[in-house]
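Chain IDs A, B, C and D follow the sequence of writing; residue 1 opens each chain.
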Amino acid sequence: MVDALHLIGGGLVVAGTLLTLLGGVGVLRFPDVYTRIHAASLTDTGGATLVLLGLALISGLTLETLKLGFVWMFVMLTTPAAANALANAAFSAGHTPRIGAFQITKGVAAGEAGPDTPRRETSDGNKSAAP
Amino acid sequence: MSEIALQVNFALNIALLLMLIAVGVAIARMRSLLAAILLMGVYSLVSAVWLIVMDAADVAFTEAVVGAGISTIVLLGAILLVRAGPVRHNWRMTIAPAVLVLGVGGLLVYAMTGLPEFGDPASPANAYVGRNYLIQTPDEIGVPNVVTAVLASYRGFDTLGETVVVFAAGIGVALMLGFGPRSSLPPLPAAMGDHHVVLRVTARLLIPLIALFAFYVQFHGDLGAGGGFQAGVILAVAPILHALVFGLHETIAALPVRAVRSIATLGVLLFAGVGVICMINGGGFLDYDHLFPPGVEAIIPPGLLGDPDHAHQWGQHFGIFFIELGVLLTVAATMVTIFYGFAGRAVEEP
Amino acid sequence: MSVAATHFNYLAVVVLMMIGLYVLFSTRNLIKQMIGLGLFQTSTALFYISLGKVSGGTAAIKIYADSVEGRMLAAPLDPDFVQQFGVGGVVYSNPLPHVLILTAIVVGVATLSVGLSIAVRIREAYGTVEADEIEAVTRVDAARVGRDP
Amino acid sequence: MILFEALYVAPPALTAQAPILVIAGPLIGACAAALSPGGRTAWVVSVLTAVFALWMAVAVAGEVAREGAIDYALGGFAPPMGIALRIDALGATMALLIASVGLMGALYSGHALESEVRAEKRTLFQSGYLVCLAGFLGLVLTGDAFNAFVFLEVSSIGTYALVAVGEARDRRALPAAFNYLIFGTVGATLYVLGVGFLYAATGTLNLADMAPRLAALGDNSAVQAGLAFIVAGLGVKAAMFPLHGWLLGAYAGAPSLVSVFLAATATKAAIYLIIRFVFGVFPEGEFGENFLRWILAPLAAAAVIICSMQAIFEREVRRILAFSSVAQVGFILLGASLATTAGLSAGVFYLVAHALMKGALFMAVGAFAISVRARTVEDFSGIAREAPWSAAAFAVGAASLVGAPLTMGFLAKWSLVSSALQAGEIWIVVVLAIGSLLTLIYVGRILEAMFFRAPVRGAERASEAPVGVLVPLFVFSGLSLWFGVDATLPASLANASASVLMGEAP
């Protein structure tokens, strides 16, 4: 029984690693920022989930599994948010998607921000690292 | 099974070192500063993995938070402020350094051949003082993590010096960037519009979690990898994230520059104060065995300070607790000071 | 095993150290110089850690020899080896270099931040972070000293 | 040391803890300075702290004079498990020197900072100054190789920023500070690397424990390279001849307080550590002798000749003094390279003499700078008429630098010459003579302008420095004169240090 769990767990870890590797290939091969972000973030969360699940199966019902759960929660929170921020920044900096059936105009893509004001000038909320 | 486990360990060691060399060469060849900085982050993460293979869990943790974390933030802040273009290559500048580097390298290779074999448990380094720490810690200090015992107790004076180095770095950055007119450089174009709702929501969730995690790392340091330095850097990430998402002004309003600086100072004072208290109670500086005045067992209710069977370790436990707290305060506050310096060229509040 | 195998770690450290020094001395860009300095310092850390590794050892956090983990760690090792070099039935790596390097890493980040903050001030005062251009301006400064009060 | 034997300046309980209080005092003082509300309070804290450090240093010196070398185990762990401070006669001498210079600098900073450092920076500046003081004191008192690295960094990190603050007067301070940082960090890293080799060979970091183990090892490539790296790394910090590039800009650009403090202590502390390693840790035998004879001595001689020549062709006074510092480091190392008791004693005596005279010279230049923007030799024309007291102090320092009779510099050179003759090294005497002649030329240029030329600075007129500046300035020059007449105190310290180093006394 324990050995079976170990085997399944090991398999999941390998699968997760392969998925992450695939993501790396995607980042290198995809044509523009957005598709690359897509490749990286999806495989990152997916790969991490698989690896953590595999490790949880290997370690069984211990304190470690609880910690792995926290790590998973953290990954699920941060990676998508980071991908979102990255895509947002790329779009604000004027990168347009290169593939897709239609060219998105800035106003539509910005969604919640309302009328199509030129994005590069709306800087009021941005007091980040810039001096 | 037997030999394979060791060989896997050694193979991992070699593979990771080769990766490090590859990343190092890439950094050397990279002309874009941004790329070089990000590769430095990669370098730190790979070396953190290598450190785990080398059984240096505490160091790996520190390298991950310091090397890949705070160093990258500081470097990114710096290139944002200096607006540097790609690095120019100057052929004049390749021959002489190459000769110098090869000379040093030759001397190093000569020196390395005189070292004991890698992994040799009987080498002087591993057999003498290092082994004594492993043997004596359970009785003298009584914490499971020997690295913490050595760091905080046996070589606690080094750690005090290191805390002062961090404190001095805070002073240095504040003296350089913390005063006077904001940067004379033209303002940066706004990078993002006001549509990072996702970030705001996530940050609100994350900031308390980060702080909580920092305290876990802090108080778990006796038992596993972790301690004041790692926790301090992690704790500093909470206000840094806040500043990145909600704006520096909001953060400074909540955590004024002077207050942060005072916290850094209080950390050093707490550390040195523990040392002085030990002295007042009749021991040497930082001799935690004398943290409590003699005869304290008779006064306090049994069990309050710890296991009565190991009364000689109470002082050590509390001493380590307080000095790690001092380290946490100084490191966290200094990292925030450094970030304030770079991020805002923060000015003293009136 | 040959020297190349038994001392591989040290040789790798030498290579990394040389890369760091080369970056430091071959570039005239102050930020890149700080990166080179960082590489150089880190390679010293790798050297110390390599010194402290004990083959078959584990991280220096107390493990009981009769626990699951303790037995797992002892399994691949020769019992005589464990007896001779272990502490309480478990072989640990040397904790002392780890402590020293913890210190060195923190010193490294302190140096990095002070150096970069000076570099930022240089950019503000000179308009560049290329050492060649700064030196040219400095020569002009030096020639001007004492001429205009 | 005899003078200190009867000196009981502190109650026994305090004396027992004095070695650590010398270091911990300034550390706590630095925190208090950082927390103080304004520059004035910070200055008071700084002075009080420096007084305390000097008091404790005197107590330590008394204890060393009575008991011989002191070991102070930190954390209650005996070395090599714990870190220990080890103070012998040389360490006590260095602690006394650094603490006295620290106190003079703290007194001087009351007025000097007003013209050089912006008001809101002064609390942090004082705090940084005290951190540096603690760093240098720790460096000379510690008996642990790695702990020495930590204190090397404590002192350096503060110094880099303090030097850079000089940008307010001269923006060249910034690249100079950056250069200093790069050089200093490479030096410190080489030092750590060397310590790593020694640790690999011996398994210990305690210097006293390391020495016999190294001696037992015999020839080992790791040990030799380790020692080479240590000397090279510390040589950068000590501004040993080919590694002195950082010093010129740093001394010339820093605020005058920092120049005074660095010139009198920074390189000296590093030289101290080099001497500690060469005579206390290096295994006896050919390696050490060859090193002294074929590497250290020629480089020191080159420093004396080349840097003195460069000083002659320099226009800016502070840069002249900086070049002169590198040359004088050469004199000190020449004395040490003789590897005799007399030579070492001369070297240590010269070290103290140089600290006092360079302190006086840089402080006097700072005193002029309070009222007038005087940088080049021409700017100094006729300044003696406008600020006679400062100029007199400068002249005393300069006379000591040249080695005029009745100054400490004369006795220092005299003892160097006699020890070289004793050892039969005539060429060192020749180098000394040439060096002194060159010194006379560059110092003479400045003095001639100051005393015998009419002012050419247009409307700008120098005025006498305030009393707060004159007092520490006169202490420096006064000591240079006093020890030139009655050298019992420094000579006894130097002799005791030398006999400890050569293993003739505990």
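Quick note on the criterion: contacts are C-beta pairs under 8 Å (C-beta built on N, C-alpha and C of every residue); 3 or more make two chains touch, one makes a residue touch a chain.
Predicted model only: the values in this text are computed from it and were never measured.
Colleague: Can you tell me which chain pair comes out on top for contact count?
Modeller: B-C
Colleague: Please name the chain that ends up farthest from chain B once chain centres are defined by their CA atoms averaged.
Modeller: D
Colleague: Measuring from the mean C-alpha position of chain B to the mean C-alpha position of chain C, what distance in angstrom results?
Modeller: 13
Colleague: Between chain A and chain D, what's the gap in Å when you average each chain's C-alpha atoms?
Modeller: Measuring from centre to centre gives 56 Å for this pair.
Colleague: Between chain A and chain C, what is the separation of their C-alpha centroids in Å?
Modeller: Centres of chain A and chain C (C-alpha means) sit 31 Å apart.
Colleague: Indicate the residues of chain B shared as contacts by at least two other chains.
Modeller: 77, 81, 108, 112-113, 115, 123, 125-126, 129-130, 133, 155, 158, 161-162, 165, 168-169, 172-173, 176, 183, 185, 342
Colleague: Listing for chain A: what residues touch at least two other chains?
Modeller: In chain A, no residue touches two or more other chains.
Colleague: Counting only residues that touch at least two other chains, what does the list for chain D look like?
Modeller: 146, 150, 153, 157, 160-161, 164, 199-200
Colleague: Classify the chain contact graph as line, ring, star, complete or other.
Modeller: The chain contacts form none of line, ring, star or complete graph.
Colleague: Could you list each pair of chains that touch one another?
Modeller: A-B, B-C, B-D, C-D
Colleague: Along chain B, where are the residues that touch chain A in the complex?
Modeller: Residues 76-77, 80-81, 182-183, 185, 187-199, 202, 205-206, 209, 243-250, 342-345 of chain B touch chain A in their complex.
Colleague: For chain C, which residues count as touching chain D in their complex?
Modeller: For this pair, the touching residues of chain C are 17, 21, 24, 30, 33, 37, 40-41, 44, 47-48, 51, 97, 100, 103-104, 107, 110-111, 114-115, 118-119, 121-122, 125-126, 131, 134-135, 138, 141-142, 145-146, 149.
Colleague: Note which residues of chain D are touching chain B in the complex, please.
Modeller: Of all residues in chain D, those touching chain B are 17, 20, 24, 27-28, 30-31, 34-35, 72-77, 80-83, 118, 120-121, 124-125, 127-128, 131, 134-135, 138, 146-147, 150-151, 153-154, 157-158, 160-162, 164-165, 197, 199-205, 213, 220-226, 228.
Colleague: Which positions of chain B touch chain C when the two form their complex?
Modeller: These residues of chain B touch chain C: 1-6, 9-10, 13-14, 17-18, 20-21, 24-25, 27-28, 33, 36-37, 40, 43-44, 47, 50-51, 54-59, 62-63, 66-67, 70-71, 74-75, 77-79, 81-84, 87-88, 90, 93-94, 96-98, 100-102, 104-105, 108-109, 112-113, 115, 117-123, 125-126, 129-131, 133-135, 138, 144-147, 150-151, 155, 158-159, 161-162, 165-166, 168-169, 172-173, 176-177, 183-185, 223-225, 229, 331, 338, 341-342.
Colleague: In their shared complex, at which residues does chain B touch chain D?
Modeller: Going by the criterion above, the answer is residues 107-108, 110-116, 123-130, 132-133, 136, 153-158, 160-162, 164-165, 167-169, 171-176, 179-180, 261-262, 265-266, 268-269, 272, 275-276, 279, 283-290, 348.
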